[in-house]
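In the two assemblies presented below, chain A is common to both, partnered first by chain B and then by chain C.
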Partner chain A sequence: MGFRSGSPSHPSRVNVGILLLLPTVLILLFIGIFPLLFAVYTSFHTYYLNRPELGQPFVGFNNYLTTFANPFFWKTLGVTGKFMLLTLPAEFLLGILVAVIMSKNILGGQVIRVLLITPLTVTPVVIGLIWRLMYNPQFGVINFFLGSFGILPIDWLGGAQVSLYSVAIVDIWQWMPFIMLICLANILAIPTEYFEAAVIDGASKWAIFRYITLPFLAPGLVAVLIIRTADVIRTFDMVYIITRGGPGTTTELVSLYVYRLGFKIFDLGHACAISILLLFATIVISQVYLRLFYREI
Partner chain B sequence: MKKSHLNSLVAYIPLFVLVGLAIFPLYWMVATSLKPKIQTFAIPPVWVFKPTLIHYYTAIFEKQLARAFFNSLFVATLNALLSVFVGSLAAFSLARFNIRGKNHIWFWIITNRMLPPVVLVVPIFVVASYFKLLDTRLILILVYTTFNIPLATWIMVDFFRKIPRELDEAAMTDGCSHISAFFRIILPLSVPGLVTSSIFCFIFAWNEFLFALILTRSGARTMPVLASTFMTGYGILWGLMCATGTMIALPIIVFCLIISKYLVRGLTLGAIK
Partner chain C sequence: MRHKKVLIVLVGVLLIGIATGSSLFAWTLQDAAKPYSGVTIKATGWARPDVWALQKMSPKFEKLTGIKVEWEIMPWIESRPKELLDFASKAGEYTIVTTDLIWLGEFVGMGGLVPFDKFLGNSNLVDPNLDLDDFFAKNLEGYSTWGGKLYGLPGSAYVHLLYYNKEMLRQAGYTRPPDTWSQFKKMAAKLTNSPKQYGIALQVRRDEHMTCDWALNLHWAFGGQLLDEKFYPQMLTPEGIEALTYLTSLRQYGPLGVAAFGHDETVMALAQSTVGMIEEWSSFCPPLLDPEQSLIVDDLGISIVPKSIKSGKRIPVFGGWSWGVNAYASEKEQDATYLFIQWAFSKEMAPAWVKLGGTPSRKFVYEIEELKKIAPYFDILVKSLPLANPIHRPRFAEYPAISDVIAINASDAFIGKITPEEALRRMNVEIYGIMSEAGYYTGKKELVQ
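Now for the complex of A and B:
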């Protein structure tokens, strides 16, 4: 990895290079940057989509200040943070565990792997749909199964405390295979000599995992951790379908809150202010990722 | 790879449980789409039933499912083609040429990929409505490039970096220009990369929900949004929803199963040293 991409900067070479980049840059500029500039502009004004008579007066940093003073904003950050804490460790632990199991030579391993990946291939909207069906408190399959073990029915999506856990379970269901896949690929790339030497030296299974497997997994895990953190901020589709952010706002992740602000309350000024804050968070996250993994391109 | 056959059932049992957990929800959706309405919420759940196509029939002929299917297909295909084409050009430029500010452009491209759609959806809605592009397939094709072009670029850059520079140079000493070397030598060699990025771009465009929800009404509505419309204020039309869900998910699942090799490669990109 990492070709030194310096080549003699002959003018015609560089021109071709610029020409090749141009379509991408132009398209992303128009569809990416231009709306962002508009968002920045709007965040400094008051703009209620449903009250055009108010105009769009300039209000400086007012929207931002109001956001920080707004308890709903902090609530939604709390929900998002809690969601991350619920899903990421579980996904990673399960993913690593399953990857270790899958790395052994198992009959039908290929088939099993493909089957295990299926949650990743399903549309998030559809995932929300299916789990909403299964989580139904009176008639859903899940409570039925639990009932046959004598467990009382749980109001998965209606109980204020439970709802976030229910959504987290779905997210784990969906993304654990992703982590498993990455870890599996990394484990399979470890040269066998390491393992053979360890076995000869009489190392325990745990020691092998801790001193050989884990170090090789570490870079990949960090990469995925960063990617998944950025993903949680982006999560919208599945949660929207499964709970719409409810009951109340107990599962309202940041992205759902911005959506509600912009398209239910029509308060575009605030929605854009929070969007810009999210943009900063994304830039920070991607900087970390790039610094670690793509020092130069 | 550690070559020790796991004969013991100890490993198989958790794996089977996991596979069951992975597959069951999908099975349940397909089953519900084929069950008569009364049996959707039957207690105990009905496992053996006489399948009916009534939900599909209603969805296609009364609820615009065929149109939504076409919209999804049209938008996803065109967007994938556009994104991969433009992205490959950019990727080649980034992988081979030494342009000032290249790292900044790369950073900006990656950040676009990580950007929450919510950030863009409000301004794009206002801009699109100004240009009278709301509820068109075109706006979706354009908007989806914000995450698909970076994705295609990302995947192709990795592929191009693996192709030795000597190949370009050999071609150019034989009299090719850069562009010509690109089309004749490099591109054919990077077909796996093109396939992988096309697949992912297609899948992400096909699955996309938020932009489609905001930017379309009944004209250019895609299937994920159509599915959400079955959650009415009066209750959820489960049969219709599951039928739509099956139409959304099944083509992709089947497709992914067929090309699972490429899929694994693309998904693990950037996370393997």
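Now for the complex of A and C:
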């Protein structure tokens, strides 16, 4: 009845609308909001899953304060920052470069595009296993390949100076194609008249890229930057499989530290506190990106 | 007269019973399992040769009993979180609980394990040939007993042995394996011819590998201890510094990437003739004797671990696991699970387990000549086990956190990021914090390990 005769504000139509939305809202509440609220609640308590005798006493901001006072937390944050600096610029530069190349009509472009996308389709665990084998100093294909050029074997995963670069290379390999795809889609959507006019005006290739291509890419790149920054902060599976955070603490990203606290020591109070802090950090960084880089075309 | 006839009949029945012995009154697995036919139990185990062997054996149990055994084989590192979450959620999914000896106190504290009194008091379930005395006493106590109560039956006997490539040693001019840690290092240096050949491989990946297999191994061997009698940490001591300095000095004699080596890489390095010596668990011997996995089957030497020059003691690392019954499984599942554990670790099945790659905690198998031929490590294992240190690693709930602290700092020292002294100082401070928070120094928690 409401559908047939009611106006948008008709009470029965509104009720049907609410009823239709309700399952989705409930599911979202259950899988999204409730765990988040539980994490916030847990972060204010001492909660060791493996030591029930301690109970779950309320400790206020103690978990947050001890996290701030913990040098290991800052160390893992530093490693995460370094990992981000190694991966994101390389992924963006390579992604844009490859997208520009792929936007031209090159021979075998379709095949290359499919090959480039392949890493995106593989799960991080499998990627970790594959690269761990490839990085094997004795039997790995990488050292074998380098050896054929007379280069001495490299201790990819056991060397303190190299291991973070090794996992960064894997991350770049996996995620550069994602940025390439976004950029390629944006480039192909730019009206060709802009390029034709620029060529007629005698603009250089760099000028065309700087003043036509890049401004069109900017909104998409900001979105990707936000997504990838959040991704890097929560990078876990691949690094866990390849190095488990070692050797020493050289590849101990903050996500691995949270995992260790949560699923090895079962100190859920601290693990949740750090998770909430990281959530805030991601939101703040996203806002900074938007203010700094986002421009309407 | 009538009474006399009845008496004669009764005596007759009794005599027939005695004559036919087992068939009339004896316990059989089939009979014991009848009430549980159709029940599904779930076994957990680590991806290792001894567990794969048990998995191969289980269809026989299924055939005998009608109890279905599901398996979930996983890496060691994933086993504890899964089992703990199972206890915390009271799901009872893993009816068989694989308990590394270092998890025993924690699992019992969480109420996850059924005390075995419950089963041992039930004559319908207990095999009269169970013979608990036949288990190595150290394993029965170390793997399965907490607070005086039995919480499982001991599985594989784990003790560190020294494995070496006899041919490689001979070419370097050695006819015997190293007797002391000092000789071990000298021989490792002489065997190293980088990048073709290395003296040793060390399982020092930054987790329990580093803590158990090498950091604490050498710490004890060089005369140190983890905790004193009041549970204060004892890492930063002259013995501790000597041990960790020694460990870091071994890195140069290991293959590239040794800092990330776990058990698999270490065993394979010896099996592929890349290194001359390793120190590993007894349970890793079967793959070294398998021609499909090992190039050194005929050249494999096995000996007891080296001794400390100062103390003159050999202290092999003690490890191992038991199978317990999940307290959150249903009553029927618990009983069926007990029957499976009892069968898998029975005297009857122990020889079959050895043949498939197991290292049982049953004493009697180590005296069977036929088995000694296929398992040449038997005699060394039996000699090593009594020397092993039962408190090499504590079994209380705080140990995983302590292990983490030791692994991280020892690993940082191993790759040269910090000095051994700094690593040990950090260990002492952090372990003190863990023990203090747990309440060991205020009397809140009993000093039991």
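Just so it is clear, the second predicted complex is superposed on the first by the 263 of 297 C-alpha atoms of A that agree within 3 Å, B and C clash if a C-alpha of one lies under 4 Å from a C-alpha of the other, contacts with A are read in each partner's own complex, and residues count from 1 in each chain.
The working rule: a residue touches a chain if its C-beta (ideal position, glycine included) is under 8 Å from a C-beta of that chain, and two chains touch if they have at least 3 such contacts.
Quick caveat, the model's predicted, so the values are computed rather than measured.
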Contacts of A:85 with chain B and chain C, given as first, second, both or neither: neither
Partner chain in contact with A:214 - chain B first, chain C second, else both or neither: neither
First (chain B), second (chain C), both or neither touched by A:157: second
Superposition-derived comparison: chain B or chain C, residues of chain A touched: B
Chain B versus chain C as contact partner of A:192, first or second or both or neither: first
Partner chain(s) touched by A:65 [first = chain B, second = chain C, both, neither]: neither
Partner chain in contact with A:137 - chain B first, chain C second, else both or neither: second
Which of chain B and chain C A:263 touches, first, second, both or neither: both
On chain A, positions contacted by chain B and by chain C: 136, 138, 263
List of chain A residues in touch with chain B within their complex: 1-3, 5-7, 9, 13-14, 16-18, 20-21, 23-25, 27-28, 31-32, 34-36, 38-39, 42, 98, 101-107, 112-127, 129-134, 136, 138-139, 141, 144, 173, 177-178, 181-182, 185-186, 188-189, 192, 195, 219-220, 223-224, 227, 230, 233-234, 236-237, 240-241, 254-255, 258-259, 262-263, 268, 271-272, 275-276, 278-279, 282-283, 285-287, 289-290, 293-294, 296-297
Chain C to chain A touching residues, read off their complex: 81, 84-85, 88, 106, 109-111, 195, 205-207, 255-261, 269, 274, 397, 400-401, 404, 408, 411-412, 414-417, 438
Residues of chain A touching chain C in the complex: 49-53, 135-138, 152-160, 243-250, 260, 263-267
Chain A-touching residues of chain B, taken from the complex the two chains share: 1-6, 11-12, 14-15, 18-19, 21-23, 25-26, 28-29, 32, 40-45, 86-87, 89-90, 92-99, 102-103, 105-112, 114-127, 142-143, 145-146, 149-150, 153, 157, 161, 165, 177-179, 203, 206-207, 209-210, 214, 224, 227-228, 231, 236, 238, 241-242, 245, 248-249, 252-253, 256-257, 260, 263-264, 267-268, 270-273
